[in-house]
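Next up, some structures in structure tokens.
Here subunit A shows up in two complexes: once beside subunit B, once beside subunit C.
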Partner chain A sequence: MQSNIKKHLNVPKIIAFVILSIASLLVLIPLFWALVNSFRSADDIYYHPYSFFPTSFNNWTISNYISIFTSDKYPVGRWIINSLIVSLSSSVLYLIIACLAAYAFVFLKLRFANGLFLFLIGTMTVPGIVLTVPQFSQIYQMGLNKTLLGLILPGLGGVYGLFLIRQFFLSIPYDLIESARADGAKDLTIFTHIVVPLGKSIIMVQGLFGFLGAWNDLVWAQIIIGQTTPDNWTLSYGLSKVIEGTQTYSNLGLQLACTIVAMVPIAIMYIFVQKRIVEGVSMTGIKR
Partner chain B sequence: MAFKWLKKNYRESEVTLSDYALDLERKKRTFSKYAVGILFMLPYLAMFVTFFLYPLISGLIISLFKYNIANPVFDATTWRGFTNYEKLFTTSTSFGADFWNGIRLTLLFVVIIVPCQILIPLGLAYLVNLKPKGSAFFRTVLYLPSIFPQTATGLIFLNMFNLNYGFINSFFGTSTNWLSDPTYNTILIIIFTVWAGCGGNFLIFYAALQNCDSTLNEAAAIDGCKGFRRFISITLPQIKPQLVICLFTTSIGMMNFYGQIYMLGAYQVDSSVKLTVIYVIQNLITGTNFEVYGMVSAMAVLLGVFIAMISITQLVVTKDRKGGSKHAEQYQEALKRS
Partner chain C sequence: MSAEKKVNFKKARELYKASGAKIVEDSIDSFVSIRDVDKIYPNGVQAVFHFNLDIKEKEFIVFVGPSGCGKSTTLRMIAGLEEITNGKLYIDKVLANTKSPDQRDIAMVFQSYALYPHMNVYDNMSFGLKINKAMLPLLDKEGKPVSDENGKPLLVKRHYTKDEINDLVFGAARILNLGDYLDRKPKELSGGQMQRVALGRAIVRRPKLFLMDEPLSNLDAKLRISMRSEILKIHHRVGATTIYVTHDQTEAMTMADRIVVMNMGHISQVDTPRNIYENPSNLFGAIFIGSPSINLMNVTYADSTITFGNGSALKLQDGTNAKIKAFFDSKLLFYKQTLQRFELRHHEILPVLKSLLRTKNEAKIQELLGLHYLCEREQEIKDLLAKVLSEQKYKNDVRKIMALIEEKDHVLSSIVDELDANKPNTEAHKPVVLNKKNKGVRTPHEEKEILEKLISYFEKGYEHTNLILGVRPEFFALGDANSPVKGKVFLQEYLGTEKYVYFSFLEKEYVVRVSSKEDFKRGGDINLTFDLHDVHLFDPVTGLSIA
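Let's turn to the complex of A and B:
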């Protein structure tokens, strides 16, 4: 009898539910506050800060969003395009070269491959900060300082993604490749028709992280495009610049609308691939 | 497989024409295999050498010179030897003082934030793993802050905690100057960092708990081992690898503490609470003094040595673990960075 009641009233689960609800609220409140208040006039926020929502129906407005696309001082539309260029090209380019290399490392069974790969893994202990100055100097000498290309290129030498992709490729049955070869398939065909479709999930995960890394980057953007006119900024960097040095609310609406614009594309992407993220963690890492 | 069988056969019998042809074919295949291999690896390796290996070496060289980025000269006039490093070790120079203050401040943040970023995600992951109603939703939400740009979420916090029109102050009826008062600003930076940075570790712990052997837990339950005790004695040892990994990767990540402090410290005039070591380096790089890059490179190398020492300790500590999971940390760090 007692155990029956316990089954219906699972106490730990209820406690867990309550705590997790609170935690989720703490996570969501700032995000919702930004979302709701980006549709609210700055005056209303300033004079009624205690209110989470606009105080009256008239105080709902989309003027903040109009202002971010018409502002001369902060060309947010331009930033979005810049960010998209940088994030898409860096993640896609990296995926292409890393997948090709991973294929060669795993499926061609070259004699020097393992040694070379061990060397690559070894370089992962080198902290990125050591590379910052020389990479900047290199970009400067290549004449790419203050250009978007200067943001894209240095990331292409990263070892991380290659490592992940290789680990995943190792789990693809080698017999499959063998039999395709026996059927006379060329390596490029095997790559595009067998390995890439089978490695879809890791490619998506790595693509997502590559995209996010570039989209969210502040440190490198500050170095490369920090001293340029706002037209060349990325969205993430631009956001750090819309604060105007004082605690005023002059462009509060613009600030909040910008943050929403920066977060929405990522949130949408996250909804579609979040299962893959969790899968990715257990597949490539913990479970082997 | 078929290939091996053929090879064996070939050795056992005398050489026939077909065997000879086969041998030739094999050599041709090996050659083309290497050609293809090199072709496939070339784009990546070219990028690796250009944007990783070359900067790594030139960074070490730059740190020995008085290096001007706009006009790089490597000769006797700009040669500094190890004086750049010597300057860093004498705190009487402004570089040395800034560097060590930065290190001190960074370590302070590490000591406060790292435990939070391990224990809170661990607790949350444990709770989600109890599978209460809506656990999928909780999982999604708890990882959410990690995917957004820190500049965006930082901007939200900056406005929510504003003294004049911030929601937090007026909601609680306080007038705390979160953005200008050094102490409160530091607290706010810590709150924000934990808020924004728990997702990655949470997901790792969650996946680890999912892979735990549930029969062990059940057996312990039958033996009368309950609740917290069971967590400590049964669950924790099973996810110890992930705990160790997260401890190290979080610490290393925190050594690069910058974005959060740059955003939330935007109105902070007292630089002693926000000049972490990366902040110092970043200020110098983006500054207008073009003569200073050799010095900055020396700083970066020195900091890099610190961080590498942490990484190597990690490698030693985690060495005895099995194959794939040994490198799980790399994946997880990638997760966390996003």
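Let's turn to the complex of A and C:
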């Protein structure tokens, strides 16, 4: 029996496992270090910079977190709400627009649809940073400068998510759509009852991407809301200000705590969406 | 858009609205009427040519033909999933060309079943009910139907209630034996069950018209046979008009009230299964319907006698002789007339129009106005000619007329296209006509060439012409040494009560059905004779049946 198992050692699989383990460790160790050191007092980090863990039990502290959440200068709760508003509305609005557009591209036999789509794909070659100035001038002229709406709107024209969703919709058998049409469904019904439920997983994934992008966005946030009072800041921008403020005395623990605070909502999001990412859509209702 | 056209458009729209957004044709007495329907895809390929069919209420119609013959395209045009390029489609006397599928009151069953994978069987079957409104009895607050003063239930357009949906779905599930599977997802069902769900989804909506696109071709042979009778039972029970598409001639023969045999986008024959089997109107239908296929033998006709390649001759009955003569005469006359029309337009009218481009000659225009153009757009041409006569700047109109005259001739094209359709695409009986070039569209010149070939063929007359003799495998009888057909057996298929014996005769292979008691040796001789009542004669050039 044992020799049997030995014979069937899957060498390529073992190599892959080892490589993946090392890669995961490389990703996870900094995260783990950030988590641990966010609970470490500033002095301890300063005097023992090469120690991975707090040097003694007394040096474990939650003071970093307390100072984030209690500071009068930094309304962190407000920032979280602002960030949630921006991230949720921009990702949800984007999903609505992109899904409807993808539906039109795939299932409505429109003239020039392919040409238009190629053009849209072509715009992906323009680096985002190039668009910053024109976008800012547009937002400024619309009077949305210094508002959260100014953070939400520019992201709604993205092509990448549309491309992703369109590719998935292409894999939905056209028979299903025609069958729904023969059942008497109109396009909006087909969209809400057939296409969206089938594309649930890809929509979730794109939603997560959109949420992450908006949550972590710093450059654009700095441009739009940088000159406003702290009440209007988003979490990522606000925390960057906290870090900036600590640079004179280098409170690394506080900086790391900020990072962890910014990460937690994302992690929670991920736990919910992760199942959907893995879950494939079974197409066995169609026999080929 | 000219002012005149604008007014017409407005008027048409008012008329359309006044009739409840319906264009009703009361003269139609069939349930589905398909008039001169063409399908030309955007890339220029024509899939369906001048399709004409009237379907009576409660009829079970089967479209049958090889793949790519346009049968599914036609069905999809009736369903509204495919646009109709030319022609008219009436469903229940209402013009349905521009109606979307949900307005046509149809239900369709797809080959792939197309069940919604994220819904269970119940939801799949109730989907069409949930999303549509229908004319249903008005309900009071207790859910009881409200009657008018005459005691008839009042009908209103509303959504189905939950109870009504339940009743309909459970009713359909009972008919189809799906009661135990209602909460399963499609992926947990077998092929036959998925098939039944797809049928159920169609029947719960109680549509006026059922459309089925090869619904059984994904099932295994045994299930297919049982589902065949299942579908027929449902048809008799529900009584809805059904159009069923298949490539399987057995399905067509066993299920249809009437079969529509299609080939290369044309209807080759429409008739009851029995009539198609016994009196095929052309070679294609004769070969396609019947299993094993009909035996086709090349014979020479001369002096009321047909002669096989080996010299053995058979005297035909007197009636047959007259039929062959009539066939040749009528075809010759018809093709000559068509050619005349073509030449009139191209060799007489066009030169006159060309001269008009140089100088305006009113006498010539009057002359043209008096002519018969014998084409569909004659009135249009004459209106333009009248305009040429009255106006100073006329050259553009003359050019328009020239374009109309040079346009493809509908009748000529259909003659030539049907020649292809009548003949099977097998190696031995390839269509004789020119190969199609340029996406399957022939130029008028090419069509004329074909017409001339046909005329010269029919002018040669029917004496000493080659014909094709068609004998169904069961119409052979075993004969003696004097029999006309003397073959060598090379294969036998034993089927229980009967067997098929394959034999070669004059270097071609044929099949005969005999009682299984008959014994043959491989390589042995087989002598066969047949009754001239039961055989068919075909013209090899046009593929049409003569007698």
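Here is the rule we go by: the second predicted complex is superposed on the first by the 226 of 288 C-alpha atoms of A that agree within 3 Å, B and C clash if a C-alpha of one lies under 4 Å from a C-alpha of the other, contacts with A are read in each partner's own complex, and residues count from 1 in each chain.
By our rule, contacts are C-beta pairs under 8 Å (C-beta built on N, C-alpha and C of every residue); 3 or more make two chains touch, one makes a residue touch a chain.
As the structure is a prediction and not an experimental result, all values here were calculated from the model.
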item	value
Contacts of A:L20 with subunit B and subunit C, given as first, second, both or neither	first
First, second, both or neither for A:F52, with subunit B first and subunit C second	first
Which of subunit B and subunit C A:G184 touches, first, second, both or neither	second
If touched residues of subunit A are counted for subunit B and for subunit C, the larger one	B
First (subunit B), second (subunit C), both or neither touched by A:L176	second
Which superposed partner A:Q274 touches (first subunit B, second subunit C, both, neither)	first
Partner chain(s) touched by A:T229 [first = subunit B, second = subunit C, both, neither]	neither
First, second, both or neither for A:L212, with subunit B first and subunit C second	first
Overlapping contact positions on subunit A, where the subunit C interface meets the subunit B interface	175, 178, 182, 281-282, 284-288
Complex interface listing, subunit A residues touching subunit B	12-14, 16-17, 19-21, 23-24, 26-28, 30-31, 33-34, 37, 45-46, 49-50, 52, 96-98, 100-101, 103-105, 108-110, 113, 120-121, 123-138, 140-141, 153-164, 167, 175, 178, 182, 187, 191, 208-209, 212-213, 215-216, 218-219, 222-223, 226-227, 235-237, 239-240, 242-243, 245-247, 249, 252, 255-256, 258-259, 262-263, 266-267, 270, 274, 277-278, 280-282, 284-288
Subunit A-facing residues of subunit B, complex	1-3, 33-34, 36-38, 40-41, 43-45, 47-56, 58-59, 62, 67, 69-70, 72, 124, 127-128, 130-135, 137-145, 147-160, 162-167, 169-171, 179-180, 195, 203-204, 206-208, 210-211, 227, 242, 252, 255-256, 258-259, 262-263, 266-267, 278, 281-282, 285-286, 293, 296-297, 300-301, 303-304, 307-308, 311-312, 315, 322-325, 327-335, 337-338
Subunit C-touching residues of subunit A, taken from the complex the two chains share	173, 175-176, 178-186, 189, 193-194, 197-198, 281-288
Parts of subunit C lying in touch with subunit A, wherever the complex brings them together	79-81, 100-102, 106-108, 110, 112-118, 124, 127-128, 131-132, 185-187, 191, 194, 201, 205, 211, 218
